[in-house]
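Chain nomenclature is as follows: A, B and C, assigned in order of appearance, with residue numbering initiated at 1 for each chain independently.
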Amino acid sequence: MTASGFLSQLLQLAVALALAPLLVGWVNQCRAWLQNRGAPPLLLPYRTIHKLFSKDAVVAHGASPLFRLTPYVVFGAMCCAAAIVPSLATDLPFARAADAIALVGLFALARMFIALAAMDVGTAFGSLGARREMFVGFLAEPALLMVLFTASLISGSTSLPTIVETLAHRELGIYPSLAFAGVAFTMVSLAENARIPVDNPATHLELTMIHEAMVLEYSARHLALLEWAAALKLFNYSCIGLALFLPAGIAEGSDWLGMAAAAPLLVAKLAAGGFALALIETLSAKLRIFRAPEFLGTAFMLAVLAMLVHLLLES
Amino acid sequence: MIELGAVLAFPLAGGLVLALVGERRYAPAINVAASLLTFVAAAVLALRVFEHGPLLAVERQFFVDSFNVFLVALTAFVGFTTAVFSRPYMRIEQEHGRLSPARLRLYHAMYQLFNFTMLLALLTNNVGILWVALEGATLTTVLLVSLYRTPASLEAAWKYFILCGVGIAQALFGTILLFFAAEKLLGAEGGALLWTELDRVKAQLEPTVLSIAFVFLLVGYGTKVGLVPLHNWLPDAHAEGPTPVSAVLSGLLLNVALYAVVRCKVLVEGAVPTMFAKSLLMGFGLASVVVAAFLLSRQKDVKRLFAYSSIEHMGIITFAFGMGGAIANFAGLLHMTVHSLTKSAIFFAVGHAAQKAGTQSIDQIRGLVTQSPMIGWGLALGTLAILGMPPFGVFASEFLILTTAMREQPWATPFLLAALGIAFAAVFSRVQPMVFGETTVRRLPHRPAMMPVFVHLALVLVLGLWIPPALAAWYREAARLIG
Amino acid sequence: MAGLPLYAQLINLLAAILLLLAFAMLAQRRVLSLIDLFAAQGVALTASTAIVAWGTGQTHLWFSAALTLVLKVFVLPWILYRLIRRLDVRWDVEGMVNIPTTMLIGIVLVVFSFNLAYPISQLASTVTRSTLGIAIACVMLSFLMMITRRKAIPQVIGFLSMENGLFFAATSATYGMPMVVELGIALDVLVGMVILGVFFFQIREQFDSLDLKHLEKLKEPE
C-alpha cells in the first residue's frame, strides 16, 4: 500500500463522511420544496449531529454494554462500506476487499447490531422496531443480492471495482436487464434506508415507524453516531446505485487528478439522485407494514427478471 | 372443384339464411335441406376422389385425399341425420318452454355454421386455417352449449370456452413452431403452412422443433378430442347442451379434432424417426380409456354417462393411431366411423328418452320399452353396439385394435381389456333398467324422429358383418396415408 | 447484445417490457388496471411488430401491427371497459393463490420457458430469435393467471394476453405468420370476445344480478 494510495483512500472516506449529512439535508430540502413547505436549512443535519455530540449521554438502566457498543459498530461498519464502495475511484487500496457479497454482509452486520441494541433495553417500541427491521431486511437482502448478482453476471466478477469498470466500458446500447435491476435496486434502497413507501423518516408515529423506533432510546453522541451512520448508509446505497447504473465518471485508478475530476461529478449525480428520491417520496404513500413483503417481493421479482432477461437476451 | 365449393358453401349459406329469416315454421326444413345438400355434395366429392385420387384446389389452399374425404362424408352424413332428428326434438323442447324463438334461430344458424367450420377444418390444406376453423368450431359450439341459459349450461359453456380456448392456444403455438420449422425449407411466402408442402419436406424438418411443436399440438387439439387429463369440459358440455349438439359434439367434433392431431402426427413421424409421437398418442389414448372407464361407473346423468363413453372411445382410437401400421390405422378409421354413427344414434334415443321422462337422471328414466318400444330398443341396441357386442361394427374395430395391441404392444392389452370390461359393466347396468321394467315416462307431443337412430344402427350392423370391398380399399388407402 | 442492430435492441427492450407487463398482470388486483395493462401489452406488441417490419422490410408486418393496434389497444380494451361499466364489476380480483407464491411460480415458469425456447431459438435465423423464450414465458404466465384467478373477466384477460404472447412468438420467431392465418386468428379473437361479452350479459340476466360472484359458484363441479 503506497502512501498516495492510502491518502486517496482516506480522501474518499473523508468525502463520504462529509457529504453524507449533506445528502440527507438536500433530500429533506427537496422534499420540502416539492411539498410546498418551508425548507429546512441545507446544513441542518450537520448542526444536529454537532448539537448531539455536545450533549451528555443518557443510557437506560437496564442497558448492557452491547447497547453502548452498537453505535460504534454501526458507524464503523458504514465507514468500512463507504471506504470500499467505489464512489470516487475504483483502484483504491481497500478495493480488493470490495466484494459485493462482503458489502451486503457489512450492512447485515450493522442491521443485526442495531436490532439487538433496540431489544436490549426492553422497551416495547425497541422490540417492535427491531422486529420490523428484521422483517424488512429479511426480504430486502435477497433482492439486493439478486441485483448485485445480475451486475456480477454481466461483468463476470463479484468485485465492485471490476463491475464498475466493466459496466463503464460497455458498448452503448439498450440493456433491459440493467433497467430492471435499476428499478429493483431503487426499491430495495428505499426499504433499506427507511424511506417512504416502507418507513417514514419524518415521523414518530408508533404505528408506522421502523428505524426511529429502534433508536428511540439513544441520546447524545450515540444518537449522533447512529444518525450519521444512517446518513452514510443512504450515501453508500446512492453510490452503489450510481456505480452500477451510471458508472461514467468514476476515476479508474487512484491518482489525485482523476479523483478531483470525479468529485464534482459525484456531487452532481448525488444531487440528482437525492432529488429523485425526494420525488419518489413525495409521490408515493406509505404502505402498511404488511404490504412491505409485496413491495420487496416486486423488487426481488424485478431483480430475478433482470437476471433472466440478461441470460436470455444479452448473452 | 365445384363439389368442394358446394360442401363448404351449403352450410355457410344455410347458416346465413337461417340467421336472416329467423325462427319460422320452415326454418327446421331449411336446416335439414342445407344439411342434405351438403351431404349430397360431400358424397359427390367422395366419389370423385375415390375415382380420380387426391385433389388440390384454389392455389393449393384446399386438399382432399382419402383420409379427409372419408371424414367429410361421415361429417356431412351425421350432420344431415342430426338435422333430421333435431326437427321434432327442438319443437318438443320449444313446447316444453325451454327455448324461445330467438334461441331457435340462434340454434339453427349456429348448427349450420358449426358444420361449416368442421368441414373447413377437414378440407383446408393450410395448417393455420385448420386452427382458425377449429377455434371457430369452439366458438359456435359455446353458443350452442349455452343455448338453454340455465346456470348449469352457462357453467358448462364457460368451462368449455376457457378450457378449449386455452388448449387451442397451445395448438396455435404448435402451429407457429411448425411454420417456424418449415419456413426455412419452404420460404415464408404461402407454402410453409400448407400440409401437402409440409408433407413433401417432412423428412428434412428440424426434429427438435417438431417434437416440441407436436407436444403443443397434441395438448391443444387433444383438449378438443377430450383426451384425459384434458377432458374436463367434455361431460359438462355434452350434458348441458341440447341433445342434437351432444350428438354432433361426440359424433363429429371429436373426430375432427382427432383428425387434426393425426395430420400433425404424420408430419412429426416423418421428421422424428423415433417412437416419440407414437408413444405420446398411445399414452394419452390409454390414459383416456382407463380413466373414462372408471369414471363411467360414477355417473348419474345419462348424457354424462355417454359423454364419458365418448372419451373412452376417443382414447381407443387415439391408441390405435398411436400404434400405427396398416391394421391399427384401418381399425382406428373404422372405429371413428362406427363410434360416430353409434354414439350419435344413442344420443338421439337418449334425447327423446330424457324428454319423455322430463329429466336426464338415470334413476328417473325407467321402462322405456313399455311406453315407446322404438326409443327403448334404439337405446338398448345402441348401447349394445357401443359396448362392442358382436355383430355390430364396434366389435369388429375393437377386436382388430385389441389383436394388434396384443401383437405389437402386449403391455397395453390388459389395461384395454380391463377398461372395456369395466365400461361394459358400468354402462350396461345403468342402461338396462332404463329400457326395461316399470315405466315412469310420459307421452311426447310430437312423434320423435327415430329414423336416424335405426339408419345409423343399421349401418353399424352392416359394417360389423361385412365391409364393402370398395370401402375397405378406401380405408386401406387412408390408413396407408397416415402411416 | 453487442453488435445487434438498433431495431433488434429495441425489440429486446420491448420483449423485456412485455415480460414485465405479464408479471404485472399476474400481480394486479384491480380489474380496471388489468385492462390498462392489457392495453399496454398491446402497445408494446404493436411497437415491436412495427419495429420488426421496419427493421426487416417485411411489409405484411405493417398490416399485422395495424391490426394489433386497432384490435388489442383500442377495440378489445374498449369492449372490456364497456362490459365492466355495464356490469358494474369493479371490485378487486381475488386470486386463489396469494401473490408472492404466484410470482415465484411465475419465475419457475419463466425459467422453464427459457429452457424450452433455447434449442428452438438456436435454430432460428431471425435477428429477434432470443425473444422467443420471452414469448413462451408470456404465454405461460397468462396461463398461470387464468388458473389462479377465479373471476370471469380476469380469466378472459388472461386468455387474451395469452393470444398476445403467441402473436409475439410468431413475430419474433418467424417474422409473422401468413396474412390469411393472421386475419383468421384476429377474427376468432374478436368474435370470441364478442361472444364472451354476450355471455356476461347472459350470466347477469340468468342470476338477475350484476355480481359475477355467481360464476364462482358455477365453477364448482356439481
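Quick note on the criterion: contacts are C-beta pairs under 8 Å (C-beta built on N, C-alpha and C of every residue); 3 or more make two chains touch, one makes a residue touch a chain.
Computed from a prediction, not measured in an experiment: that's the story for all the values here.
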Chain whose Cα mean lies nearest the overall Cα mean: C
Inter-chain pair with the most contacting C-beta pairs: B-C
Of all other chains, the one whose Cα centre sits farthest from chain C: A
Computed distance of Cα centres, chain C from chain A, in Å: 38
Separation of mean Cα positions, chain B and chain A [Å, integer]: 66
Rounded Å distance between chain B and chain C, as computed from the means of their C-alpha atoms: 31
For chain A, residues that touch 2 or more chains besides their own: none
Chain C residues within the chain B interface of the complex: 58, 116, 119-120, 123-125, 136, 139, 143, 146, 152, 155, 159, 162-163, 166, 169-170, 173-175, 177-178, 180-181, 184-185, 187-188, 191-192, 195-196, 199, 202-203, 205-207, 214-215, 218-219, 222
Chain A - residues contacting chain C, complex: 170-171, 173-177, 179-180, 293-294, 297-298, 301-302, 304-305, 308-309, 311-315
Residue numbers on chain C that touch chain A, as the complex places them: 1-4, 9-10, 12-13, 15-17, 19-20, 23, 27, 99-100, 103, 106-107, 110-111, 114, 117, 130-131, 133-134
Chain B residues touching chain C - in the complex, by the definition given at the top: 126, 128-129, 131-132, 135-136, 139, 142-143, 146, 149-152, 154-155, 157-159, 161-162, 165-166, 169, 172-173, 175-177, 179-181, 183-184, 188-190, 192-193, 206, 208-209, 212
